[in-house]
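One chain, chain A, appears in both complexes that follow, with chain B as partner in the first and chain C in the second.
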Partner chain A sequence: MDKDIIKLAHGSGGKEMNELIKKLGFSYRGRWQNFDDDSATFEIGKKHEQLVFTTDTFTVTPIFFPGGNIGHIAFSGTVNDLLMMGAKPLGLSLGIVIEEGFPKEELQEIIGTIKAISEKTKIPIVTGDTKVMEKGKLDKIIINTSGIGIAKRLLAEKPIPGDKIIISGGIGEHAIALLSKRFNYETTLITDSKPLVEEINSVKCMIKVAKDPTRGGIAAILNDISEKHNVGILIEEEKIPMKEEVKNVSEMLGIDPYELACEGRFVCIASKENAGIVEKKLKQFNKDAGIVGEITDDNKVILQTILGKRILSMPSGRIVPRIC
Partner chain B sequence: MDEKIILNRYIGKIKSDAKKLGRIVTIMEICGGHTNTIMKYGIRDLLPKNIRLISGPGCPVCVTTQFDIDCMIEIAKNVPVATYGDMMKVPGSNSSLEDAKANGAKIFEVYSAEEVLELKKNNPSVVFFGIGFETTAPMTAFLLKKKICVYSAHKLVPPALTALLDGDVRIDGFIEPGHVSTIIGTKPYHKIKIPQVVAGFTAERILRAVSILVELIAENKDIVINGYPEAVKEEGNTNAQRMLNEYFKVVDSGWRGLGIIPKSGLEVKDGNLNAKIKYKNIIKEVPPPKKTACRCGEVLKGLIEPAECPLYKKACTPEDPKGACMVSAEGSCAIAYKYGR
Partner chain C sequence: MDKDIIKLAHGSGGKEMNELIKKLGFSYRGRWQNFDDDSATFEIGKKHEQLVFTTDTFTVTPIFFPGGNIGHIAFSGTVNDLLMMGAKPLGLSLGIVIEEGFPKEELQEIIGTIKAISEKTKIPIVTGDTKVMEKGKLDKIIINTSGIGIAKRLLAEKPIPGDKIIISGGIGEHAIALLSKRFNYETTLITDSKPLVEEINSVKCMIKVAKDPTRGGIAAILNDISEKHNVGILIEEEKIPMKEEVKNVSEMLGIDPYELACEGRFVCIASKENAGIVEKKLKQFNKDAGIVGEITDDNKVILQTILGKRILSMPSGRIVPRIC
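And then the complex of A and B:
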């Protein structure tokens, strides 16, 4: 079989992508650290502050979806990656590649979205670039955003057994809203995409680690946390917040809701002492927020179902609905 | 919490009924959707030792032969092809449709008839690769009605059940597929002389089906129970059946692992819309499939567990599948892999 070409699975945020990145093997890192995390970090000044830097490229079909457009996720995605490290975002760059023939009106709407969130969050777009490519050379539009921020304390503390895992709201809503256009079903769900500035700020001093479950969903980030910190995780399935509609559509399509992307949720870890307050604070923003599990001393991610325990594995391949 | 009590009640009932059997009984769940629920909840581990659940051939892409995939890859090199996303990664003899696509072949993933009709506007010669059982075949029939050229690898479930009963595994009861049964109804199962329960896809539905089957087996009652009455009617979906009769003829068909099963496939009636006839010159050049170490065939017949295949988790993984059962979310090997079994 032909293994020397890039396939779609390499961009799905699961195993294939991780292996590809490992294989590319950038070895020179200078003084940068945490390059395998949401953002890389660089210690500056005498107060051990950290410069935090991240980049992300966004392609999505369709570019307009229930509750938002590619602009929402391009801005929020990068801001959230900075926030997950504990940083205060300082500014973003915006690179846009557009297909010839793209309607100006749609571009204006996307840019308008980005401007509105930028003004609301007081995080400026400080530099940018625009390119246009010949019709047919790309699918409508690709957006890249990079961001820098400053962190006084990085959210990179090793969790210990007994620490609690908290989710900031219901999972899978973004993906189910987006997939409704692809698979022709009606849904009342809208994207959950949002910058998590206020949510993170309200709990930042009480949490050890935070991660946003974008591609690969909570299955991917829980496995990431387990691998990076060499700890086990036990999640109680019944406690995972999930709207009935997400549950039903996932069941109908035969896809795993734990692998579905969110664009405005995060999972964080807090000591047992702090977990209750973190949960309470996060409930002020989203009533579905709650403690869903804890850190254990093995190295597996385990889901406690209503009948027994099972492994929650790292997603692999693309999300493909069942056909039977 | 209520659900937990109900589930435990079923398990308790199965345990006490199983004691009366005095032997090991084997129940096969036909559908990959059932296998998924069984693995997800670890249902096999919760059952008494003398109740064995084995997985059957009910995964649409898994039973598609390597030869059909090789043919489609060759056709795709010449004309645009549309098929389900699940099909893309299934290995043929040398490559998959996904490889062919990455190398430049025009292959489109679709999930509805409308998408194929839309594709036809810019790709008038598009060929639809129709795979799956009675569930997906009606959509293909609709495409034939709309004059879309089709390569049919569609299969029928009841003849496979009969073939399985004549095979090497002693099967005491079937959990019949929920979705297939919405189309064919429960009537075709009455010809098969073994206890059968049509089931939905929740843990509760499956445990209930097992519980009923254990009772039927104990009492030697070869009857069919409809355990999914909210979706399945005795006569099935007669409109869909009519469409199938109008556009397809029933033929002998090759199943991966099971070989040729008499009258178990659907072939396009109209020669002008039948890709196997239209592109016979391309198909003629496709060599017979190579033999591999993959034991998908035995997995599909319930003869071995995925872990008993020498390639499982070693050479064969979801990222680089060697056999079809490792590809689909309905394939036994992919399911076992995902749930760490």
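And then the complex of A and C:
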């Protein structure tokens, strides 16, 4: 019986949802490609330019959290998905569903946040839709953003053994900041949510692949990369940037920090030759950025700890729900 | 106090939401145009081709209704928004939010419906996202679809007095079929929901403007056209195709049938010279299609009834909520 209903785990971005999506999979794809990534691509024009298209719905709770609100991650999340493909974002759509009785002031604050980042990044919101559901039929507000971008070169090059893995900053801060409101603990952490336009642009020509660790954290994206490109990954635990507070709260809550969502970080892969300069460039934006591991020739994602090696699996079961 | 919260009327697609959207309006638009329509446009390439982008979230209740389900209107609604701009739909995104405990069988049926229309129309679903909310935090399921299309010529030509207004079929069937489940009355009506690919393609080169009467019905779109192009509209009530049952149930429920949503009809404007052939073409798909009125030189939307003339206003207040 339990098998026949949707469980919270289906929304966590881990193994269960991947399986459900594959089972329900759409077979007709026309001329589109790259469905395994967060964005699909479509070749336009004569110069092999690619139209990149992505969508994400944000159901985060609470909707206001240290350092941001649902509007901030709804804008940044979709922009980042386009950037991770190597695309320049052209424009976003905004689909808002609101619960009857929701305070207009809060809506204005959320919309104001989106407007401010849109103006700052020069990525416009170009089309939108708003629906209202009766009181009690929706928990406050959810936001869908879809985005279009154009890529001259897709970040979809197959990594080879010896390539380095670089992370753009400390992990887990978004999730821990958000959970502080849910579990009512004190924290100085704020969400890491941000559009990664400048960071990606500074290294775009030197990297092969980029992925932002949202649902399922770096555990999910490293497994995605390993599976998609049929390569192994070795990560050195002590090199993974993580604030003391993220570590402590994760332990306290019994959560694996590698499964925690970030909303303003990315992991990228560069050749041995380029890795040093990529690391240096990314350190200009965040001093915690750094090389954390490399591509290997098996097909496992391995975490090298001070006690030895362990497999870093694709998150499964109930991760932390509604974190993004 | 009442003014400071979101009311159901804000989700009905009428006057209130238009005002709220304008107040919250996004000023930065980059190179995008046509925000007053359901889709925004962006010129690409050298041949003045336009990229067309639109989004819609579907919160319909009940999710299964005579002749269709939420998946059917989620696909058709966004495809139709692209078609109304004169675009050939390239691909859709699919963002699903599901309540924990939702039956997998129903999800499979909804997804199956979307797959079937996608394959039939050759318009692929290319990117997607799924979230799950805790039981009680969402009423079953909502679906966002965003769509991209390419238009060689936008249907955005200014109508002039004397141009004819043609409707592609009977109005209000979707709303009345849906409400039969909500209010528990018997009906033989089924939703009119359908992607209007063939209908639009058959007349595209002969029309100036096209609009599909969803939220707010033909009352809303005729007022939209009048306002946008600064023209008047005269509609002859007796020419508006409407099934007897739509008329009767509207009277019974005290609803204005001109404000009822359709999900598979459109209104278009053609010159006096072209109107006859447009009508003839559209009658091949639906015998009820026909010329219902014309563009005038004032700026009012007037309904000519057997008793005299009355203004057909932009719907305001609580229309029927969650109809699409």
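Keep this in mind: the second predicted complex is superposed on the first by the 318 of 324 C-alpha atoms of A that agree within 3 Å, B and C clash if a C-alpha of one lies under 4 Å from a C-alpha of the other, contacts with A are read in each partner's own complex, and residues count from 1 in each chain.
Keep this in mind: a residue touches a chain if its C-beta (ideal position, glycine included) is under 8 Å from a C-beta of that chain, and two chains touch if they have at least 3 such contacts.
Computed from a predicted model, the values in this text were never measured in an experiment.
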Looking at the overlay, does A:258 come into contact with chain B only (first), chain C only (second), both, or neither? neither
One more residue to check, A:5. First (chain B), second (chain C), both or neither? both
After superposition on the shared chain, which partner residues are touched by A:321: those of chain B (first), chain C (second), both, or neither? both
I want to verify the contact counts: of chain B and chain C, which reaches more residues of chain A? C
Give one of first, second, both or neither to describe whether A:310 is in contact with chain B, with chain C, with both, or with none. first
After lining up the shared chain so the two structures overlap, which partner does A:75 touch, if you call chain B first and chain C second: first, second, both or neither? neither
One more residue to check, A:184. First (chain B), second (chain C), both or neither? first
Is A:266 touching anything from chain B or chain C once the two structures are fitted on A? First, second, both or neither. neither
What is the shared patch of chain A, the residues that chain B and chain C both contact? 3, 5-9, 321-322
Note which residues of chain B are touching chain A in the complex, please. 3-4, 7, 31-33, 36, 39-43, 45-46, 58-60, 84-86, 88-89, 91, 94-96, 98-99, 102-103, 111-112, 114, 131-133, 135-136, 177, 179-180, 201, 203, 317-320, 328-330, 337-340
So in the complex, the part of chain A that touches chain B is made up of which residues? 1-3, 5-9, 15-16, 19, 182-184, 251, 254-255, 305-311, 313, 316-318, 320-324
Chain A contact footprint on chain C (complex, rising order): 3-12, 17, 20-21, 24, 26-30, 32, 35, 38-40, 42, 44-45, 51, 53-59, 90-91, 93-105, 107-108, 111, 114-115, 118-119, 122-134, 137-139, 142, 144, 146, 148, 321-322
